[in-house]
Each structure stands twice: as C-alpha cells, then as structure tokens.
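What follows is subunit A paired twice: with subunit B in the first complex and subunit C in the second.
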Partner chain A sequence: MTMAERFALSRWTIKVAILIACMAVPLVVQSNYAMRVIIYIYLYIVLALGLNVVMGFTGLLNIGHAAFYAMGAYTTAILMTGYGLSFWWTVPIGMGLGVLMGLAIGFPTLRLRDDYLAMVTLGFGQIVYIVANNWMSLTRGPRGIPAIPAPTFELFDWRFVIDNYTRYYYLILFFVALTIFACVRVRDSRVGLAWMAIREDEDVAAVMGIHLGFYKTLAFAFSAALGALAGSFFSVFQSFVSPNSFTILESVVIVTIPILGGLGSIPGTIVGAVLMIGLPEVFRSASEYRMVAVGAFMVLMMILKPEGLFGKKLFQTTYKV
Partner chain B sequence: MSLLSVKSLTKVFGGLTAVDKFDLQVTAGEIVGIIGPNGSGKTTFFNVLTGMVAANGGEIYLEGVKDNLLTRKTHEIIACGISRTFQNQRPFNNLSVLENVMVGGHCRTKAGILSALLALPGGRREKRQLMDQALEVMGLFGDRLISMKDRPAWTLSYANRRRLEIARALVSRPKLLLLDEPTAGMNPAESMQMVDKILEINKRGVAVLVIEHDMNFIKKLCHRVVALDYGQKIVEGSFSEVRNHPKVIEAYLGKD
Partner chain C sequence: MFWQQLVNWINLGAMYALLAIGYTMVYGIVKLINFAHGEIFMAGAFFTWWFMTTFSIPFPVASLMGIMLATLLGVGIERIAYRPLKDAPRFAVVISVLGMSIFLQNMARIVWGAEFQVFEIDFGIPPLLIGSVIIPFKKIFILVTSLILMVALSLFVTKTYLGKAMRATAADREAAEMMGISSNAVIVLTFVVGSSLGAVAGILYAINYNSIDPFMGFNAGMKAFAAAVLGGIGNIYGAMLGGLLLGFFEGAGAAYISSLYRDAVAFAILILALIFRPEGLLGEFKSGEKLKAR
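Presenting the complex of A and B:
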C-alpha cells in the first residue's frame, strides 16, 4: 500500500467511525433536554454550511441568511397546515422557493461588494421578517402558525410518524449528511473553484473567464436551498413558527458560526456550530452571565486565531505591536 | 490576415486620454513589444483589450471571432483566445498553485453544479484532464511551480508568482498572450531565462504582446516594437529603429 492509499483508507475509516458515532447518539443520550440541544446544533450546522457557501467559498457577506430559513419554515408550515400537504413535498417546494428568493437577492446585488452587500442583505433579512410579521392572511403575523403536524411516512397500511426526539434526530442527521455531501462535492468541483477565485479577486476571476453574475447568483441560490431545508425541519420539529424565530439576531448567530470555525472550512463550520449553540447551554447555570462567557470566548478567538479554528492561514500582512 | 487588429482604440479617464486612437496589427506567431514611459497607456491598452475597462471608441478584431471584441463581456474574452498576466501580480492568494493554474482552464471546461452534485463521470474526467493540462503547463518552468503545487500562492517568491500567472494564462490555450512586465522584480539571470521561456511558448504557436521596461529583454525577445507616449503610438518598427528614434528618446528623456 502506498502512503496515499493508506491515507485515503484512514480518512474513510475516520468518516465511517464518525457516522457510526453520530448514529449511536440517541442510544447513549437519555435526557430529552440534551437531545434537543444536539438537534439544534445539527440544525445550525445545516444553516451555517449553507451560509458558508456564500461567505466562505464565494466571499460575499450575507447578514440575512435567516430570510431563507424563514422561507423554508413558512413554506412547510403553511402547506402542511393549510393544504394538508405531506412534509416530504414541502421540503423540495420550500427549497425551490428558497432558490427563487436566493436569485431575488443575488441578482440585484451583483455589483455590490463587501460592506455595501452586507447592508443590502441585512435589509433583505429585515424585509422578510417584516413581511412575515404583517402578512396576516398568509402567516398569521406575530401569532404564528401553530399545530404543524409531524412528518409521516405512509406506504400502504404501514405508517411511520416522526414524533419523538430520537426520530427527529435521525431526520436531521440525514439532512446534515446530505448537506455536507453536497457542500464537499460542489467545493471540489469546477463550480467551487470558480467561487473561490471570485472570493480571492473578482476582477481577475472575470478576466479568467468566470461569469461573475452567474456564479454569484448560483452561490446565493445554493445557499438559500440549504437554508430553506433547515427551515422546513425547524417547522415540524417546533410544530410552531412565528416571525420571532427569524429576527436579525438569528442571522447574526448564523454568520458567527462559519467565522468562528474558519471561513470556507466545512469541518470548521461544523465545530463552530457545536460551540456557538452548545456553549450557551453548557453555561446555562450561569444564567444571564452565560452570554458574557460566550462573548469572552469569541473575543479570545479573534485575538488568538483570527482565521477561525479550522481556517487556513490567510494571506495578510501582520504587524507585531 | 492578421491575428489581432486594433483600430483607432480610445480610452478616456475623465479629462485624460489614456489610449488615443491607437492602431495595432499583430500577425499569428509574432512577438510584439510595447514600450513607453510610465503612464503612457500600455497597461490601459491591455485592460481594454481584456475587457477589464470599457473603451470609449474604436474596434478590436481577433482572428476567428466575427464581431468587435469591445462588444464582448469581460469573461467572454479569454474563450476567444486572449489571456493575460498582471503587472501588479494578482494570483489567487489563498488558492493552491495548482488550483490557480486550473482556474485558467475555466473557459475550456463545462461541468455545472448538477454534474458536481451527482459526480457525473463527464465532470470528473474533465477535472482530471484539466489537472493534467495544468501540470503540463507548469512543467514549462521545470520544477519551480510543480514542486510548490499544493502550497498557497501567497507563499511563492516574487519571480514564481510571475511564472504562476503565465501558467494560469496559458492553460486557457490562448492565441494571443499578453504579458504585463513579466520580469519586473527579477534579477538579470532570471530575466534571460524568462526570454527563453517566452520563446518556447511562442514556438508552440502563441503570439505574444509584451509590455516591458527592460530594453535588453525587449531586444532579445521581440520581432517588432511599438512605442507609446500619452496614449498614442509614436513609433513602430524593429528594436533598433525604435530604440534610437528621436521621438522615443524625447518621450523618455524630454527635449533639450
């Protein structure tokens, strides 16, 4: 066996081991509270990996990712409660509408860069929040949509309802696996390379034949689809959605995760989600002070490892002070 | 018929005419040097030619392309057969050397997002082929780039970054290669090596337009030299004709 083969084999072993460990979680964790926290961590992994496509791969700052999340959540909530559609139909529909929304934000902002793009996406997130809060006939406004049914598999007489934490855990684990798989494949493809070239220097990327408009819009669309996927899950898991779940604070938390983990890094984003969602729970005993602990941790991170936990050492001039 | 024909090209920045009714013909397989003092419009000419800035007037025709290149979008130019390097070195800093070169082949590949998600065999084959081509082009510079292929581009030396940019431009299989000061920052020995490399590229049928201040380099390399001043072509001809032309001396040194 050559070194490369041995390396590839050990990487496979690690992947399979991680998957088995993840599968075994509900067998080990008994408390409902802990399961709930873990499910939320997984949910944020899907959200943050989706955002990572736009921010980490393509280098476009998006502070409105919760808009796509809301799109998925409301699509599932409205179609399931109002029209009796199966959850499995609402997921692709939600993702499709998310893609349209991604195009709607991606296309008009093509000419914007950096801070200006951040401002527009921030506003976009707010618009979606305000629409959800005020379109009474569709979203019921601040009262939210309650009693969203649990996802069900039906095959002839056989019926399987996802109605406890263990089952929800496997559902979100499946979504996480799907997301990681999609992100890795696209990152390692021609499309991923084009995105990263845009991130590094968009003028040169254009001269090298990369259609900036197409690839930036594609990044937004892909990211939005993953955001909507997370939203659909959130909807059935909570069985209630209201605009309060999609505030600007939500977008900010999602933005923090890939930055903390290392922009562009998939394992980094996953670890970032574990820390950002897990840490506040660990410090729950400290009640109000727990956000101080999380804040202190983030400040420390930015001083000690500004490129993020798993980030590549980036090209930058450093001054010793 | 000539490979490239530029007619009456004009670019104005505010009140400054950076390129002024510039005409140029390049025949296939030719190496043409562009000289001129700083600010004479050489790089602006390259920027207009590659679509980075829009021209104010004129026409550019390239062999095999029917319409005026000025009507093409920036990203379409490279597929027509013109690719370039940059004076102020612009590799994709956080991408590996190999990835940098592979980006140059973007216009010659097609795989889209579905192909990536489903890992279709066509897309995988295309990626492997592009990687092989990238390595082959990098091989032009011996081991200098290949030994660094997995390192991020920002870790390369100044001279290697110039070589990287040339490799990146070549993967797109251009008919015309634009080199903007390819030896700036290199020592004389490296400059002379660069002459050999460019001649080697030229032998494969690529025409070259090169901007350079190093007269020795221009003399060794170019079949023809064009001198610019204030955006206008002042002299065109062989190196010795241009070098000693009173207008060129005046442009560089001023009048008595």
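Presenting the complex of A and C:
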C-alpha cells in the first residue's frame, strides 16, 4: 500500500466514522430541546454551504440569502396546505423556483462587485420580505401560514410519517449529506475551478475563456437551490412560516457563518454553523445581545482574522495594486 | 389633492437628498459604501430625542448636540471599521462596515427599546395656505433647512480650500498626497460633513413623521443609497437630484399604484438604474473604470 492509498483510506474511514457518529446522535441525545438545536444547526449548515458557493467559491457578496430560503419555505407551505401536494414534490418545485430567483438576482448584478453587490442583494432580500408581508392572498402576510402537514412516505398500504425530532433529524441529516456531496463535487469540477478563477481575478479569468456571466449566474442558481432546500425543510419542521423568519437580520446571520469558518472552506462553514447557531443557544439568557455580538464579531473578525478559522489567505494578493 | 401630495413628495425627496449626499461623499473619497450611514441618521434623531425628553433641553440646542454626537459616531465608525482595513480587500471592509451597522442598530434597540418613540416638535406657527393647499410649518422648515444645507455644501466643496482638498483626494488620492494633502484628514473631514448632514436628515425625518425607532435608518439608508446611485455616485448634485426624484417616484408610486409596496419602489429603481445606467444620471465613469464596473 502506497502512502497516497493509505492516506485516501484513512480519509474514507474518517468520513464513514463521522457519518456513523452523526447517525447515532438521536440515540445518545434524549432531550427534545437539544435535538431541536442540533436540527437547527444542520439547517444552517445547508443554508451556509449554499451561500458559501456564491461568497466563498465565486467571491461575490450576497446579503440576501434569506430570499432563497423564503422561496423554498413558502413554496412548500403554500403547495402543501393549499394544494395538498406531497412534501417530496414541493422540494424540487421549490428548488426550481429558487433557481429562477437566483437567475433573477444573478443576472442584473453581473457587472457589480463587493459593496454594490452587497447593497443590491440586501435590497433584493428586502423586496422579497416586503412581498411576503403584503401579498395577502398568497402568503397571508404577517399572519403567516400555519398547520403545514408533516412529510409522509406512502407506498401502497405502508405509511411513514416524519413527525418527531428523531425522524426530522434523519431527514435533515440526509439533506446535509446531499448538500456536502453536491458542494464537494461541484467545487472539484471545472465549474468550481471556473468560480475560483473568477474569485481570484475576474479579468484574468475572462481572458482564460471563462464566461463571467454564465458562471456567476450559475453560482447564484446553485446557491439558491440549496437555500430553497433548507427553506422547504424549515417549513415542515416548524409547520408554520411567516415573513419574520426571513428578515435582513436572518441573511446577515447566514453571512457570518462562512465568514467565521473561512470563506470557501466546506469544513470551516460547518464548524462556523455549529459555533454561530450553537453558541447563542448556550448563552440564551443574553439573547437580546445576540445581534450586537454578531455585528461586533463581523468587525473584529475582518480586522483580526479576515480569512476565518479554516480559510486560506485568499484575497491577499489579488486586490493590492 | 395633487399639489398637496406634491409638497409631501418634495419633502421626502429633500430628506433623501441630504442622506444621499453622505453616501455619495464618502463613496467619492474612500470608494466604498458606508453601510452604517443609516445608523448615523437614526442616531441623530435618537440623541436629539433623548436630550429633549430626558434632560428637557429645548429643541434647537438638543438638535445641535444630537448632530454633534452623531457626527462623532461617524468619525468613530471611520476609525474602527475603515481605517484598520485601509489596505485590506474591499470584501473585508464591506463586511466590517455592515457589521458596524448591525451593531449600532441593535445597540440602539437595547438602549432605547425596540418600540416607536414619539418625536413631536411644536413650532407654534400656523400652517401656510396657498389656494386649497395646506402646508404645515414643519414641511416648510424641512424644505428650507435642506435647501440651505445643500447650497452651503456646494459652496463649501467648490469655494474653500478644504473642499478643494476633498475634490483632489476624490480625483486621485496618491497625487493629492504628493501635493501635501493628508488623505487621512480628508477622510475624517468627509465623514464629519457626511455624518452631520445624515444626522440632520434623521432629525428632519423624525419631525416629519413624529416618530422614531432604532431601525428607521436601515430602510431610509437603503433608499438614500438608491438615490445616490440614481443620481450618479460620487456626484453631490447627482445625490440631490436622485433624492428628489426618488421622493417623487416613491410618493407617486404609493399614491397611484399601491401603498403596500412603497418601500420596494426604491429597490426597484436601484436595480433598474444599475442595469441601464450604472453611472447614474449625472455621473460619468473615469477612463478605465468601466472595464471593472466596480
């Protein structure tokens, strides 16, 4: 066995070990509250990994990720309550609509970078929030959509309802695994390389024959699909959606996760989600200070360690003239 | 009815214009959007209200103190969130300033509470009547104050040495430094001028709507930014024009289309402006800038 093979084997065993450990969590954790927190952490891993595609891989700021999240959540909520569709149909439909929304935000912003892009995506997120709040006939506005049914598997006579925390845990674990798989595969593909080339230097990437418009829009579409996936899960898990779950502050919290972990790093983003979502739960008594801490954290992180916990020093050389 | 509304729209536009000037000035010098500008707007109104209610200081003094404190805050933002990142990638600065904005918003929420507070100034002057149009004195006060400040600002920028230094730094920072202009000092000056105008805009806004809340700066700030882009970012007259136009569009949109979506008008204008005329109505790209398209 060569070194490389041994290394590859050890990486596989680590991965399988982590997966088994994750599968065993519901057996160990007994309290419903802890399960709920863990499920939320997983949910935010999906959200943050989706955002990481745009921010980390492609280097485009998006401070409106909650818009995609809302798209998935509302699609599932409306189709399940209003039209009696199965959850499993609403997920791909929500992701499809999310992709359309990603194209809608990706396309007009092709020429923008950094601060402009941040401002426009912020505005876009706000528009989605305003629409969700005011389109009474579709979203019921601020009253929200209650009584979203639990997802069920039905095969002839056999019926399996996902209705307790353990079952929801396995569902979100499946989504997380799917997301990580998709992100890793796309990162190591030509598309991922093109994204990273754009991140490092747009002009050089364009000269190398990378179609900037196509790949940037693709990044937004991919990111949006993952955001919508998380939204669909949120909808059935919470069994209630209202515009308040999709505010600008929500987007900002999502943005801080890949920043903390290190932009572009998948393990970093996962650790970031554990810290950003898990820690506030530990310090619940100080919950009103949460957003203050998030803001201060963003400033300090950028001054002291802009590459995050796991990130590489990405942007050091590119921007200095 | 139309004339009555037009007065309101112009009023709104004047406030947006004052706020947009702050964005545009800072952008002109440091080439970055000051995301925390909306918080200065909020702080100006809140400090004034705080001095008036807690210490019962009369409005003219309280507002001056409020403007001064908000201006200090603006300078503090520059010190903490911008200056340490002067050579950092723009990405990092955007995130740090955005963090600053979130921090200040929520700090204000903790200190003053999340509820709306009543902000009422009684000028004791009867409303003006032109035909059937009633113009309350506060609207005249807002309009006149905004106009005076805009004229004063353009005189300051075009006629004084400090203004000249600012324009020089905006045009080419390195060349300006070689001419002996301290760019740090100019940046601070820009934040001082921009922040004080933003604080005034906040106070005027509070006078107009009689209420303030910790998140008032967020939407207003985004709208003013849209106004600055519409007019041409970096251009002070563009910001004034953009602000007035935005006030008009927003008011007309709310009156004739749907008032539920009045907050979405500004964002729609922002996106349209960026697609069709990213340099704005009065702005122009410097040579070579178009390629990067910021």
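Here is the rule we use: the second predicted complex is superposed on the first by the 293 of 321 C-alpha atoms of A that agree within 3 Å, B and C clash if a C-alpha of one lies under 4 Å from a C-alpha of the other, contacts with A are read in each partner's own complex, and residues count from 1 in each chain.
We take it that a contact is a pair of C-beta atoms (placed from the backbone, for glycine too) under 8 Å apart; a residue touches a chain by one contact, two chains touch by 3 or more.
Being a predicted model, the structure only gives us computed values, none of them experimental.
Peer 1: Mind working out whether A:Ala182 is in touch with subunit B, subunit C, both or neither, as first, second, both or neither?
Peer 2: first
Peer 1: Tell me the contact category for A:Asn32 with respect to subunit B and subunit C: first, second, both or neither.
Peer 2: Neither subunit B nor subunit C is touched by A:Asn32.
Peer 1: Taking the superposition on A as described, I'd like to know which of subunit B and subunit C A:Thr13 touches: first, second, both or neither.
Peer 2: neither
Peer 1: Thinking of the overlay built on chain A, is A:Gly192 touched by subunit B (first), by subunit C (second), by both, or by neither?
Peer 2: First partner only.
Peer 1: After superposition on the shared chain, which partner residues are touched by A:Met302: those of subunit B (first), subunit C (second), both, or neither?
Peer 2: It touches subunit C, and subunit B stays clear.
Peer 1: Name the contact category of A:Asn244: first (subunit B only), second (subunit C only), both, or neither.
Peer 2: It touches nothing on subunit B or subunit C.
Peer 1: I want to verify the contact counts: of subunit B and subunit C, which reaches more residues of subunit A?
Peer 2: Residues of subunit A touched, subunit B against subunit C: more for C.
Peer 1: Let me test your reading of the model: by the given contact rule, A:Pro108 touches which partner, first (subunit B), second (subunit C), both or neither?
Peer 2: second
Peer 1: What part of subunit A is shared between its subunit B contacts and its subunit C contacts?
Peer 2: 203, 315
Peer 1: Residue numbers of subunit B touching subunit A in their complex, please.
Peer 2: 50-52, 73-79, 83-84, 86, 90, 92-95, 99, 102-104, 106-107, 109, 111-113, 115-117, 119, 123, 126-127, 130, 152, 154, 168, 172
Peer 1: Along subunit A, where are the residues that touch subunit C in the complex?
Peer 2: 59, 61, 63, 108-109, 111-116, 118-120, 122-124, 126-127, 130-131, 134, 203, 248-249, 252, 255, 259, 288-289, 291-292, 294-299, 301-303, 306, 315-316, 318-320
Peer 1: Considering only the defined contacts, which subunit A positions touch subunit B in the complex?
Peer 2: By the definition above, subunit A touches subunit B via 182, 185-186, 188-194, 196-197, 199-201, 203-212, 218, 222, 312, 314-315.
Peer 1: Okay, in this complex, where on subunit C does subunit A touch?
Peer 2: 32-33, 35, 80-81, 84-85, 87-96, 98-107, 109-110, 218-219, 222, 225-226, 260-261, 263-264, 266-268, 270-271, 274-275, 278, 291-294
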